Every structure is written in C-alpha cells, then in structure tokens.
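Just so it is clear, A, B and C label the chains in written order, and each chain counts residues from 1 on its own.
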C-alpha cells in the first residue's frame, strides 16, 4: 500500500458540480484534490473527438442554467468559458408543417397566429404564468432547503423565508403557484393553448431526463428550466458552450487549479475511508489511500452511500431512505457527425430557428404514448427527441461545411424488457440499432436525406451513460425531479443540506438540492454549507450573500 | 406547404407605402407589431399640425374587435365597467375593463354600429377574452384588426378637410359616428382633445383614402404625423395610456402592478347598478377603501419635462421620502405648462411634492428638485373640439 | 325573532343530504331539490361506502353504529390464493398466514397515523393561503398534529404525500394482490394510474372501514328529513335565480319557484355555473371551472348467473365481501394507459360483490363513452383470469359507461368524485383556485358536492363544509 497523502478536502468525482464545489473550497484556502475515474474531468459535461474533426458533447449538450453567480465568482470567462446563446427552435410534422419558436416576440406572435390565431393570447398568458413562477423560484436555487421537521433556527429561518415569499405572492397567485408545482405539463398547457403542435413543442422541456410523462403531475414546473434563462433579458443563459460542454468543465477545472486545487484523473474511488465514525479520505481502485477529513462526493446518492461507504458506517434507516430515492434511467443520447447540413423542406432557405432545438413530436398524446412504452420497459416506438446542431453556431464543432448533431432521446429504459424480464443487459447491438432506427425514422420523415449525411454516429443507452459517466441508471439529474424528491426531500428527508449521517461526508452533485442540469447550483450550495460548517466562510460567504 | 420563415420585428401596415414616402426622419417604432413612425419629419411640426391645422395619423395598429348578435350588448356589459346600454346606435362610448380583482386590463372605445353590432377598439389583445365572455350568450366575436385600416384626422381644420374630400359630417357631434359612404365609417373621436375624426375603412381601400384626404387637405395644411406628436397631444388632453400610465394586469409579470379604476381616477366609469361585470364584486369592496395610490396630473415648476422622475415629499427631519413617480411628462407648447401624469401614494395626495429631474448640461449631470403641484386633468382641451357643426377654416 | 333563513340544496346525494341536515340544524328552512324519483344520486350506483364521515353523521343525528357492519376485502389472485384483508390485517383467504401481513400492518398503521394528521384539513375550510381567521385553526391543528407525528413520520408524510402509490407499494409490500389492492384503492374512481405522483393522497382519504352501500341513501334521506329538511323529488333545478347579485332561489323544471336566501349546489362547478348563467361569473372563474378535470373512468357492470357464481379459491362465505381484482401494481398501471387514448384495456381492474346469483362490479379504466358490450367483454376477460369459464355462465349482462352514469346522475363526466382528486385539484385548489371555500361567484351561492373541498367518495364532508361556509357567510 502506498503512503497516504492528505488534503483538507477530497472531491470524489470531477463532474461540473464537483469541480464547482472544489473551486469554492480551494478559494477559501483549503487544500483540495478532485479525483476523477475517467481520463478527463467533466463527468457528463465533456467534449470528445470520436471522429477526427468533429467535437462530440457526448452526454450533456446545452448549457442550460449555469448560474451566472457561479460564473462570476469563479471568473469562468477568464478560464475560457464562452456561452453562445441559441435562439429559437422548431417542431416539424410528417405532413410538412412546422412550428418555429422565435425569440423575437413579433415573429413568435405571427408564427403562432399562422397556426392558431387564438393561441397568441393563450401563449401570452402561458408565458406570463410561467414567468411569474420563475420570479418566485429563482431566488430559491442558491439557498439551502429548510427541513420542516427541524427546530434549528436556520431551518426555521429558511422555512420562514419560503413561507413569506409564498405569502407575498398574494392569495390567488399562491394558489396558482401550488397548481403550477403540482400539475402536469400537459394539463397546464391545455389550459392555455389549443394547437397540438405548439403544445407538443412547449411540453418537451417538462419531461427531459425524467421518468414521467407529459400528463404526469409535477412536470409543469420543469418548464421553469426553459424559461428561467429568459428572465430579465439574461441572454446566454441557454446556449452552447463554445468548444462543446467540455469547455464548461475545462473552465471550472481552470478556476480550481488557479485557486490551488489539484485534479487527478484515471483515479476511481473504490470506497470512502471511515475512521472513528467519520469520513477520513478515499481509497482508490488499486488500493491507494488518500486522507482528508472532508470528502465531498459528486457521485449520486445511491452510488455514494450504497456503493462507496462500508456497511455499518451509515444508519440503516438512512440507507433505506437512499434505496427509496428514485433514480430512473429514461433517456439516451445519439451523437452524429454529418457530412453536410440537414435540410428541412418545410422551411424555405436559411432560418435562425434551425440553430435551436428541433423536434418531430406532433401532439401531447404522442409524447404520452412514448412514456407508456418506457413504463412497459420498451424504448419509445416514436421517441421524443431534442436535436441540436451546435455546429450551426459554433464553428469549432465540425470541419467547415460539415455538421454535428446532438440528439437527446426520451424515453429509453435502463432495464430493457425482453420476454417479461427487465435487465440492462438487454441493451445489445440489436436493441441499440432499434432505438437508433426509431429516432432516425422520425428525423428522416421531416428531413429527407438525413441518413445519407451520416458519417459516424454513437448511441448511448442509459446503461452506457451509467458505465462511462457513473450516473446510476444513466439518469442525467442524479435522481428523479419529482416533487417528493425536491427541496427538503432531496435526496433524503432530513438530509437535504448536503450532509450525511457520516461526519465529514458531503454530497455535492445534483442528487442534492436543487437538482440536475448543468447549473452548478448544487456544487456551489454544498461548498457554502461546508464552509459554514467549518466556520471559514470569510469572503466567499460574503460573495454568496451578495449573489 | 412550405413558407419562408417569418422575419423579426414589426411588419409594415396598410398605409406603409405612404408613410415610407412621407418619412424623411426614417424613425420607426413597433406599435403592436406594426411598423409605425415615431415621427415622419419633425415632431414639433407634427404636433403643431394637430393644434393648428390637421394631422393625419395611422392608428391601424389599434386592436379592433367586432361583437355581433342578439346578446352582443350583454357580452360587452359582462366585460366593461360602464353600462353599454347607454351607448345609442350611432354613438361611441369610452369604456375600461378589469380582471376579477378589479385591476384594469385596458381601456378603449365602443362603437355601437347598430342595436346588435359593436366594435371595440383598444390597445391589448382581447380576442379570447371576448370569446370567453360570449360563452353561453348569443353573439359572435371576430378580430378585425388586420382587415380594418384606421386613420385619425385631428386638428382645427380637420372638419374642413373632410368636407373638401366630399364627406358630409357636419352634423356629427362629439362621439357620433356615421357612414358617409358605403364602407367608410367616420367617428368624431380622437386622442388629442382637439377637434378631430377617426376614419375606418377596409384595408384594401386604405391607400386611396389616404390620398384623397391628403389631396383635399392640401389647402388646410394637412400633415402626416407620427406617434410622438400624438403622445404630446394626449398628455396635454389628459388621456392616460395603457402600458405607460398604468400597466395592463394582463401584461404584468408582477401582479402588484395592477391598478383599479379608482386609483386611475376613472371611478366615474364604473357602473355598479347595471348588473354583474368582470371584477364587479372586487371593485365593490375596493370602493369603500381609500385608494392605495392615485394617478394624478401634475403641474411642475420649470420647463424641463419630468419624464421618469421619482416624486418626493419632505419627511421627518426634512428628509426626502419617495412617494411616487411620473408616468408621462411633457412641456406643453400650447398651454405653456410643464405637465405630467404621475402615480403617487394615496396619502401623498395634496401634499407638497417635488420631482427629481436630472439635466444633462454640457457634459455634466445636474439634479433638480422641482416643485410639483396638482394640475388640471387636461392642460389643453379647446372649446372648438365640442362645437357642432364645427367651425370651417 | 328574525324570520328563518331559507336555503335550497340542489341534489339529494350524500352531500346534498348532509348539507341539508347541517343547514336545518343551523336554523334554516331547507328544501332539497332532486331530479330523480328517489334520493341518493350516485349512491344508487355505488357498491361500498367508507362513510359518511363521523362529523357528517353527527350533523345527520346518526350514530356510527347505525351504518351496519364493516366488511372485509378479498384481493383476488389468478393463482387462486386470494388475500383476505380486514383493515390492517391480511391473510390468505384460506386462513393461512400471508408473508406480507406484517408489512401490510406496518404500512396500514402508518397510513392511519398520517390520515389522522391530515384530518383537520378535511373537516373544515381548506388551509388559507393568507393568514386569515377562517381556516387558520384547522391549519394550526394540522401543523400541531404534523409535529406530534415526530420528525421522522412528519418527513415521511411530506415525502409520500407528494409521491405515488406504485413507489409506496414497491417500498412497503411484496408485489402481488396486496400491493395491487393498495394501487387499486389509490386510483379507484380516478382517471390516473398508481405511478402518477399524488396518488398516495386518495389512500390517506380512504382509511375508514368499508360497508355495503344499499339502504344508505334512504337512511340518510330520512335522517335529513328528521332534521327538518324538505325533500322535493322528481323535479330538477332549471335555473338558479338571482336578484341584485344575490342568490334568491331556484326555478324547477316543473315551473315551481323555491325561494331561498342561500342556494347550495351539490352538482359540479361547471353544472352550477350553467344553472346560474355564466354572465354572473368573472371570466377568470369561468375559465378555471372549464379547466377542471372531471372525466370519469369507472363503469358499473352487473352480471346475472343462474346460480351464485363460483370463483375458484373463494369461499362462498366471502361472497358478501368486497372483491378486488387488481392482482398486482404491474396490472393496475397498464390497465390505465389505454384510457388516455380512448381505448378499453384488455384487462381492466375492478371491485365487486356477489349477491345471490348476481355479480355487481365497479370497473376501472373505462373510457367515457365506451360501448356497453365492449365494457362487458373486457370485464369478463379480466374475470376469466381468476375464474376460467365464468363468461360462459353469464345469463344477462348490463353495463353503464361513465357517459351513461353522467346522463343518469348528472355527475360531471360521470366522475366518481365530480373531479379528479389530484394534488392540483385538492385542498385550496378544489374545485378550482379561489373557490375552495365553497363560495363561487354571486353571494349566496355555494358548492356542496363531491367536486368541492375535500372531495369525493361517500363522506358527506363537502356537504358539511359547504353548509358551514354558507351559514358562516350569513352571520
């Protein structure tokens, strides 16, 4: 066994949240080591060149809600991060019709009116309702979730903050807020908009990455993730990281290193070291021990507590609760290197909205049926997909004239059913080809000739994402974003503040509040909690308060 | 079916070819999705055309809705706070309408084209609102915004222009409407407080009407005018405007921005005796409370328009206490007053107020606390606006 | 002494009758207006009841004991190893121990505790969204009871209250008829599958013991009349009358006018709005009412045999029990899926009972206007899984689709609860935002049906709460 080295803190897993937490801790003066089992940092936010000349953002593919406070605190622009906004998107039908989502208000009004004149007002009402909820929710993202069962002054304070904000909404809006948080995206949209294609376009963001359908209660609020970025004209909240998602991770790694933090790749945590009832470091695969009184895990809750902590170190009821935490694989990823630009005959010529998110789902019921397939253990026969062609905006993604398509596919079960048996091993070559064909059939129907442009492609089933990135079941949010697993319930009731029953072991990934997406909020919140715990807040604490 | 992708921004309206030709300033704005001139040449000249000659203003971007059927009156009475039954056929009436909490959605004019035919003109989109108001009632609602072009002909010589154009409107009293020719509706209405008319015609005949009025008006000094001149005239005339002097609750992301008719000084347009209308029960309760804020008109010292100024009063120990803000402001070239619409806290009404005005003076910003006194609702509304038949010039 | 207040109650279902009794006890002169020839409303179609709630019984002047004995449930299993469930106790129908019995007991007790904590929210006004006097005591009692649960249980309630029945079953029970029973009870009468978030709530509302329904309507009607309510049968409400923006009475189909200072409607909110005329409502309220989800997915099926039907493994002694055919969670969830697209499932789930030679069933997952013969066929297909050959013995079969039930009873969409019980249509949001305190629009008009707070099943609580709200408003 090699001589144990020691640090103030070890971050187990170099995903974007781990790097964020590490950077904050390093800036506060701690000696920090990030250990990452892969050959590059980033977790699901990586760029790889699988075909020479083409950059693949293999897993996560858009910079959704990267908290501007984090980008500012860590000076990510200086470390090379540039987020280029994409504007608009479109949904196509097999019949040659389409709905284009324009960011320009007038163009959007006219586009809605073209399909359904009444829906112009319906969309206005819808957007206003969502924006009102965004205003309410946004300040909660960078706060800790209170534990309603606790009498601790901080919990009571946070609970009071939450209740006061609710109360300030006024009675009717408060009712609307509760409805928004509990309704399905389908029912919510049905209350505003008539045209099926417009609804299908807007509903997609309510189901991405979740094991829920458009008519499952609790999916409406996920719309916030799409709208939050548009608030206050914060342009660029949704966009492509120039150079692919790896650029986000590279910038965070840069910030970490600039603050004195260290990173070790090809270093997989085998288990978390426990000494005298507290975390004491990690043991890497191969047996190397690294000591630290503080271990912050960027792995999901199940992998951390069930997979890496020796039995007996954590109380049984906590482990039971972790087992109950739902992490379901529901999505796959298809990355394609294209020899030329895909053509959509419905649209004449060049259109800015083709640089946004493209879909081919025509109605809410079509999306719901895709979910029913998943429940039964099948990948969707007519899957929902979210296709982006980042090379239309970022010239570094593909050789000149060529393109890169990044296609997020919903739904794909982790444990595929075959003859009534569900097993991830069923994801063999035939299954992969089947899912790929289902997606390409849909694309080909709205973009004839697409197949002919394919130079290289890779399909990543949930089981691949789990194997490569380490996310349980390949779930991109490290746990379902259902309301029984949000706020004070995330990941485990009573342990929502990044802590665990094992002193010194912390959770910094999106299994913790406020959940998934490349937001960096969980990592930043965790770092704040850790620093508060160490009473070493200092300037960073102040920076948080200011933010 | 394939179509070219939509362009961004506003699109040309029915009079655009003439506006484009008349525009030397090339100063365009977006009015409800229609490319509209802020000014065509010079705002000052266009303003004085309103007050001295006749100004021709494209008001086609107004939303226009047709409500027709045996229960059309009931539909409108369900929506607006005034009693629509009191608008006789051939008359136009001002109205405003509120949401369920009694917060103003918009205001506009109701044209009673016949016993069972109405047109509602306003700023906000109201199609689905009207359709839902018609639920269970025997009336049809349609959007005429794009089918119908509209011109405002405003100013002391406007009557003479119409007469010279061969349109017989001498008997029209204020708020009357007539159809002097098939397909052309003329109402004696406007947003300037001066003598003036509004003309309504199918979009395909828009340009011919423009040409006819310009030709007839040449000797009466007719001048195309833009939105800035119109805005000056309406502030002088004391007409508050949705989106500027108050926020439509339907367009408010912050629910607290809603304002009641009482707060807007429009309580006289709320008729509790006519039966239920949207927001009636909420307004009935609010009527008993002193308004939290008031939209008032102010007369401010000095000649610098107080646009966007915060309003203060002296508080304890002589410290300034913020009590409101200016919503629209203008140095009135005709009344020679520095006038403004302002929203102030209810309890600040009647107090000594000061407007905080920032002045850029040769490279340096200076702050002036200008005294603001209650002003008349209208700084300028000449008698000629009401004479029937109007004077010829 | 001032003249007595007059109240008209529209509909003589359980809630109308409870409301009438409560109003009469509150000093009103009450007329109950019922379109049908007999009181009872949807009770005529139901098989079992867990209520009325003790608070509603008290309003009626009835003792809980008056309702007859509680009956057990038999969860049917295709293997023939049916499970007999009596409250928190479960065993195989043949009397042998069930391996999941202990877990069932633990889960049942836990749900009982949670239901008790929730109770103050159901028997009064829903929690106020602003800190106001009304409803505040209930909220404080709720908060107190939550605290008294202890930190662990409180957290667990807040978690599972927002969770779904399928996950709850997966965490607590072995897959099979017991878990299926839990899943079935979570969606009975609803248009949802047990995997839908929010489906634990109905379980918390359904903790009282089950009894047979027959005779209940007549008993409740008699009790209501005993409290002084007048039943006016055989004429429905044609219009609710208003004067000077106040409810003033009800015009009946036959032309009679019932004068009233208070009008309580146990119909759905949309039906009530139509009777009053939409012009009396704000457009927002009309929109919210229009958006209430109330599409029934439960059908009634009656199968007649030459002799009492025999189900393998079922002791005839248990013919009087509630029979539930929902063999697993995995059977309940897919049964629901086809309904979304207007199709009947191949194997619907159901509850029923055997009376002599008749098998009466409430069949779940039926599209609103499904043809009756198809409903019967799907029902028989499911029954064949536990009783092969049963279909061939049927002499006569009758079915009522949700559309039929709607036509017969006036229930919105033929829905058991007059509106889906989901988190976005519960408590302060039931029947819709701004109407949860039973007042809807014009003063003097109140909702007191299953669509109102706290919701459906035979509890009488919406009637009781509606009557209380109406009396409160007159004070």
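Couple of notes before you dig in:
As a convention for this text, contacts are C-beta pairs under 8 Å (C-beta built on N, C-alpha and C of every residue); 3 or more make two chains touch, one makes a residue touch a chain.
Predicted, not measured: the structure shown is a model, and the values here were computed from it.
Under the stated contact rule, the graph of chain-to-chain touches is complete, every pair of chains being in contact. Two chain pairs are in question, A-C and A-B; the one with more C-beta pairs in contact is A-C.
Of all the chains, the one whose CA centre sits at the greatest distance from that of subunit A is B. We define each chain's centre as the mean of its Cα atoms; on that basis subunit B and subunit C are separated by 53 Å. Rounded to whole angstrom units, the spacing between the C-alpha centres of subunit A and subunit C is 40. Subunit A and subunit B have centres, each the mean of its CA atoms, that are 47 Å apart.
Counting partners per residue, subunit C has 287, 434 as the residues that reach two or more other chains.
Counting only residues that touch two or more partner chains, subunit A has 170, 172. In subunit B, the residues that touch at least two other chains are 129. Of all the residues in subunit B, the ones that touch subunit A in their complex are 1-11, 30, 33, 101, 125-129, 131, 143, 250-256.
Here subunit A touches subunit C in the complex through residues 147-150, 167, 170-172, 174-176, 178-179, 182-183, 187, 190-191, 212, 215-218, 317, 324, 326, 365, 368-369, 372, 375-376, 482-484, 488-489, 493-494, going by the rule given at the top.
The residues of subunit A lying in touch with subunit B in their complex are 96-97, 100, 102, 104, 106-107, 109-111, 114, 117-118, 120-122, 124-125, 128, 131-132, 135, 169-170, 172-173, 345-349, 351-353. Taken together, the subunit C residues at the contact with subunit B in this complex read 245, 274, 277-287, 434, 442-443. By the touch criterion stated above, subunit B contacts subunit C in their complex at residues 74, 78-79, 99-100, 129, 132-133, 135-137, 275-276, 278-281.
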